[in-house]
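Note that the chains take the letters A, B, C, D and E in the order they are written out, and that residue 1 is the start of every chain.
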Amino acid sequence: EPQAEVLHWWTSGGEARSVAVLQEQFAAEGGSWTDMPVAGGGGDAAMTALRARVLSGNAPTAVQLKGPAIQEWYEETGLADIGPVAEENGWEAVLPARIAEHMQCEGQWCAAPVNVHRVNWIWGNKQILDEHGIAMPTTWEEFNAAAETLKAAGVTPLAHGGQSWQDATVFETVVLGLGGPEFYQQALVDLDPQALNSDTMRQVFDQMRVIRGYVDDNFSGRDWNLATAMVMNGEAAFQIMGDWAKGEFLAADKQPGVDFVCAQTPGGGFLYNVDSFAFFNVDGDDRQQGQALLARLIMGEDFQKTFNLNKGSIPARTDVALDEFDDCARQSAEAMNAGAENGSLLPSYAHGMALRGAPAGAITDVVTAHFNSDMTSDEAVEQLANAVATAM
Amino acid sequence: MTSKAVTSNTMLRWGLYAVLILFALFYLMPLFVMLTTSLKSLEEIRTGSLLSLPRELTFAPWAEAWSSACAGTQCQGLRPFFWNSVLMAVPAVAISTIVGALNGYVFAQWRFRGANLFFAAILFGCFIPFQVVLLPMAQMLGLMGIAGTIPGLIFVHVIYGIGFTTLFFRNYYVTIPQELVRAAKVDGAGFFRIFFAIFLPLSLPIITVSVIWQFTQIWNDFLFGVSFSGPGSQPVTVALNNIVNSTTGVKAYNVDMAAAIIAAAPTLLVYVIAGKYFIRGLTAGSVKG
Amino acid sequence: MPILEIDHLQKAYGDTHILHDINISIEPGDFLVLVGPSGCGKSTLLNCIAGLEPITGGTIRIGGRDVTGVSPKDRDIAMVFQSYALYPTMSVARNITFGMQVRGVDKATQAAKLAEVARQLQIEPLLARKPGQLSGGQRQRVAMGRALVRDPKLFLFDEPLSNLDAKLRVSMRTEIKKLHQDLNASIVYVTHDQIEAMTLATKIVVMKGGVIQQIGTPAEIYNRPANMFVADFMGSPAMNLIPAQVRSEGDQTRIEIAREGAAPLVITDPVARQLPAEIVLGVRPEDIHEATGSAHLPGLAQGAGGEVMIEIVEPAGADTFAVTHLGGKPVTARLRAESAVRARAMFPLAFDLSKVSYFSPENGERLN
Amino acid sequence: MEWLERNVPKLVLAPSFVAILVFVYGFIAWTAWISLTRSRLMPRYEFEGIGQYERLFAAPRWDVAMDNLFIFGGLFIVISMVIGLMLAIFLDQRIRAEGVLRTVYLYPMALSLIVTGTAWKWILNPGLGIQATVRSWGFENFTFDWLIRPEMAIYTIVLAAVWQASGFVMALFLAGLRSVDTEIIRAAQVDGIPTHRIYSAIIIPTMAPIFLSAFIVLAHLAIKAFDLVIALTNGGPGYATDLPATYMYAMAFSRGDLGQAAASAMVMMMVIFAIVVPYLYSELRPRHDK
Amino acid sequence: MPILEIDHLQKAYGDTHILHDINISIEPGDFLVLVGPSGCGKSTLLNCIAGLEPITGGTIRIGGRDVTGVSPKDRDIAMVFQSYALYPTMSVARNITFGMQVRGVDKATQAAKLAEVARQLQIEPLLARKPGQLSGGQRQRVAMGRALVRDPKLFLFDEPLSNLDAKLRVSMRTEIKKLHQDLNASIVYVTHDQIEAMTLATKIVVMKGGVIQQIGTPAEIYNRPANMFVADFMGSPAMNLIPAQVRSEGDQTRIEIAREGAAPLVITDPVARQLPAEIVLGVRPEDIHEATGSAHLPGLAQGAGGEVMIEIVEPAGADTFAVTHLGGKPVTARLRAESAVRARAMFPLAFDLSKVSYFSPENGERLN
């Protein structure tokens, strides 16, 4: 009987419901699923638990992991080879190359993606925007202009939660928007010192400072879903957040295009955040079978569809029919395909897709310190370069 | 306590009571917020003020928190985890208290060369930050084959509880005259006989302190719980954290608060019931005035 | 055969030497009292005898058997402690029988012994109580009971009365004395109270700083103290130690004592003695008498005193104490309660020269 | 048999001895070693040098964490002691309902911040808690928004920490006051010393050992403070409320920078050492009683 | 004018009455000692006088002024406590001057007073030390110094010597006595030690259970105790209280005392007395003499004794105590150190009938 013990921190919003779907399917195939949710701190607690589990030689069969962390874990402890499942099911063909790369460790399949989140979304409250005659901004200048109008009218322009990853999310969309895909790649993926030290980067920080002015006073420590609720309830006009925010809108029975609008953040491009499961080396046939079964199910069209309908993201497989998905999702899928072609499909640094933990954390430290103080852009740029250099 | 330097001026006394009550309100505020929130409906929470009393009492959040709130894919409430905590805390408290009592007995009554140095070494262990020991401890638990189990958690709590329990018992037992041991030796009793027949029956106050202290520490622990538990052995604090961080649609604050109070109830109860002995024993056991 | 023989015993904690070359030997039925100021090592010596402290040199023999290194329970001793060391959570009965129980004595014997001892000490009504519910004197009895049931070769007592109030101390003292006579037991008894030592002992050991100063019967110690320390320590009020000058005159000894605001007091000892020029004259308060009425008492030579200025008079029931200054030191005389002595007036006092001690001011040793 | 009898006490201590040796000192040594390697996600054991310490001391965030430790620690200790002492003195004035008040002051010690964190967040949140409430009473200009101001947020941590620990300090002091010989107080009354002078000049100075105990307990809480920050601010805004313990945790578990975490842990340990060792010394030194 | 007048004083804690109708009056220069067993309310009474405890009835007048309700510091008193109650963190000098400092006395006066008191008590070398660095006797002196600088109308002492060892107690006692004589101060002094009471007091109050048993000079209390409690309490060893039968015979009184294993001892008091048939005969140990040698002593009538079986003999330096059984009670005689008395042998003893007390066995009151 296939066994799976799944360590994850999908405990919020539609996430839990989505995992439940997987669990049902797993059980339907005769497997026995042990749930090991560890919530809190954006996965910090889960990572603590994971490390303890691995060190004690008792790794879970499947772990929610993503981005370069997969490769990092592979280097540290090795991961199970799920190549046979991948080949049998032709994963290579249905996944965008850039995303498939994340699932492979030294050429071997070691993780299975469940979805693709687009991070660079901006959400708007339709009613407010209409009221003030504002269209969704396509450049940061437009955004600033719109925000000024709203501010003058006494509406909070941007709903934002004061957590460092949220600051980083806004930051990376600004980098992408002002610098373009190439600059983003250089600065936040390749960590090119020249790019980090450039004028463009200075402008990015300038824009961050401007944005800070559009956020209400109580943002500190606010969870992202509470910020989303502000947009929903008309307390704020915009929110810059990945498409998981849509899950909140939908859960509250809001209609896209009617109650709220979605648009790519000013400047376009596609920052992806792919959730995936990595498989650790485990003993025992039943557990290995469980891994294979789980991998197959995760990449199954069925699951990819149900899961992503729940979660607000889009399937990682490009061959899933999107009929049941909403406009925003379809827009996202198109952008992904387009991006895969023109090179604007980029990993989100803020969500751990682009960098390993240490440099990513170092950048976030600077971004959040800048955003939450009166640091000048020059200082920020200088600190950014230093932080990245020492964290390498 | 017959005569204290007591302020007698009436004005002053009123002021005194005012200050004392003000502080009492300050200390009670968070509990008040939790309690009232847990008794309100979600609707009322959204519309009302944080510090207001519930207009309409509802106990549904308590029921939900206990038996049906969701964490991850499971919706069993706190109940199974509560029992995990009980299964973990009771033996861990008992073992660390017994070990501490024996250690304290040796340190206080059977001194030998180097005993003081060793005692200092144990005491220093009380001050080690627990984050530091997570990873090597995980490794050790793996080696010992009790990783991810309740016995593993018990083991960890016992190890890091010994320092405090030893301190309590040692400081308590040094106040017992050495002549007692001597008399028993002349009577022919040995090490354990003396301990069980003479010292243990004397130890009620300090056992109370040790048990309260250890119980609060172990019951409230989150870090070890989240790191060293497996799927079947998560303690209530971890579950509470999962429930609070699991939101489906709207955040059910009332359920979160009810869950928090349920998770805290045993320690709260212990303090309210035995707090008096705790203070008394603490002065006997750990503080020298 | 001596019941207890201590031979060249040494005891040190690390580098601190607590006991120096102790040699003591007592016969069965002896009541040996160790007496000395606080911290002189009495308890340490007793603990060494009991085997509760390891010794660093010498041997201890109990009933002829070398017990050096033998554990306390095998030495055939019983001990009563200063704080009584009753087991606080056990009833009086269990306190007494606990030792037997540990040794595996059968129930019937335990009960019989308990009953016997309880009767002897008159603590039958207390047997069910806890020590916390007893008065000091009662506790003392229970501690004694615990020792009695052992029927040991040797009893050890460490200041068993010092926690009692003055009144109770006196009556318990008498009881211990009686017990000793009735049982004909061998006892080593520690106290720092010299009256206790005097009244109880058949043999006294006076210690100071871990060194034995004198061993002897109470009368020897009291009447012929070996040195000024013993002289001062034993007796209350203490022996008066008066600096004096000696003028030997043929078969007499003339002793001059400085007196404030008057010519020196001159005393003539009718015995010729080899004394240095400077001595310390030791005379007990009760050996200073009212010169008028008592001149006919034996040993009270003529010219053994004179008029002195009395400073303080303390009537104390049976006696009256009068304090004067001689040789720069306060000197106390113990007079009859009816004495006509008055404070701040001259009064004739005389020394009983048959009982006077002479000491060397240099080393404090006895000279006569 | 003889040997066994003589060595029972040591044998009884042996398991604890081994446990402490391995699980405290072994682990400290392990951490020290890791701090000298380039361990990232998982421990690696190749020796690297003191690079991690250089990085640590160069990191602005560590500076903030250390500064915060001193600000937080200093304020927390001083305020807790002042409040604890004040409440203890007040409670010592033959107060009615003393037992109830004592329990109320003490109960926070029973609760973990995991439990009260949310409530605290609300109370401190300007939009929900005290500020909103007071404003709703009509004081429109009342502000209490420390939680969201980077330069003030650390004080909210102090507030919550004081809330949790000051009752305990009160208990310590109360016990201390109760153990002062009543005859001393009577002597002072006969001597004509006014009540406040009796406290300030006579009673409080005799409680020096209790101050020391309280200081150690509080210092140890301050250095270990972790739940508090995680529950209230999670280090934010920015990393304005980071403390060494949270820094260490972040490095070890969210950054995958174990070497760095180990280096910070060692620095923490040294701070603890500097505070605890003198205390242990005074605690264990042979006492010459009055 | 009396310096202290206590009038119908009552003290209760809630429903527990601690002091019942206390009436005391002392003159300037008196040394009043309150004595009684532990818990009889001595400290409570002293605290009431000091104003440290509110009283529930009656009045207290100090120097003629009604001070009921006046706070301690305004009563013009100074107090020395059993535990000395020195301020532990202050130096000896500050301990002594702190009260003056608080009262705003100027520095120069403070220094002068300090110097004077320090000289008087010979504590000059200790002024810079902390109380913890002093011995018991030194602390006692400092506590006294703190009282002395106040120059009060009335000194109150609560068992100031009970924490000292026996030897030191005796010498401090003498010092206090001297101080009293030198200063001519008025003192109220609490103790439970009857010897202290006897030696120090000009006037003694014996208390029991919150009720005054007797007020009088030491001699009155010692020689004519008002009841059996006082008789038993004052004096050490205690007065022998021997149940006896009375046969009045004209102008004599025949008293029969049961003796174990022998015919009753018959004593003839040459005075005719109105006594009930059953009495308790009180006789102090020092009033029992060796019948042979002392028959000529005044007051020792013929037929005042006989041979008795001696059970225990306790030599105690200056005296020897002999214990026998009479009327079912142990009876102690205080004999000369040289006495030939032997344990377990018959010995002739005689009572000094001029000093004997008779008590009613029913209520314990004195009959003669």
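The criterion applied here is as follows: a residue touches a chain if its C-beta (ideal position, glycine included) is under 8 Å from a C-beta of that chain, and two chains touch if they have at least 3 such contacts.
These numbers come from a predicted model, not from an experiment.
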Task: Would you mind checking the shortest number of contact hops between chain B and chain D?
output: 1
Task: Look at the interfaces A-B and D-E and say which one is made up of more C-beta pairs in contact.
output: A-B
- prompt: Distance-wise, how many Å sit between the C-alpha centres of chain B and chain E, to the nearest whole number?
  reply: 56
Message: Between chain C and chain E, what distance separates the C-alpha centroids? Give it in angstrom.
response: 25
Query: How big is the gap, in whole Å, between where the Cα atoms of chain A centre and where those of chain C centre?
result: 92
Task: Any chance you could list the residues of chain B touching two or more other chains?
output: 2-3, 134-135, 137, 223, 241, 244
- line: So chain C residues touching two or more other chains come to 71
Message: Going by the contact rule already set, what residues in chain D reach two or more other chains?
response: 5, 43, 186, 188-189, 249, 252
- request: Would you mind writing out the residues of chain D in touch with chain B in their complex?
  value: 5, 8-10, 12-13, 15-17, 19-20, 22-28, 30-31, 43, 83, 86-87, 90-95, 99, 101-112, 114-116, 118-120, 122-123, 128-129, 132-133, 136, 163, 167, 171-172, 174-176, 178-179, 182, 185-186, 188-189, 195, 198-199, 203, 207, 209-210, 213, 220, 223-224, 226-227, 245, 248-249, 252, 258, 265, 268-269, 272-273, 276-277, 280, 283-284
Chain D contact footprint on chain E (complex, rising order): 47, 50, 52, 71-74, 77-79, 81-90, 98-99, 102-103, 131-132, 146, 150
Contacting residues of chain B [partner chain A, same complex]: 70-74, 134-135, 137-139, 141-143, 147-148, 223, 226-232, 238, 241-242, 244-251
- line: The residues of chain D that touch chain A in their complex are 40-43, 55, 58-61, 121, 125-127, 145, 147-148, 150, 153, 230, 232-240, 249-257, 260
Query: Which residues of chain B touch chain C in the complex?
result: 177, 179-180, 182-189, 193, 197-198, 201-202
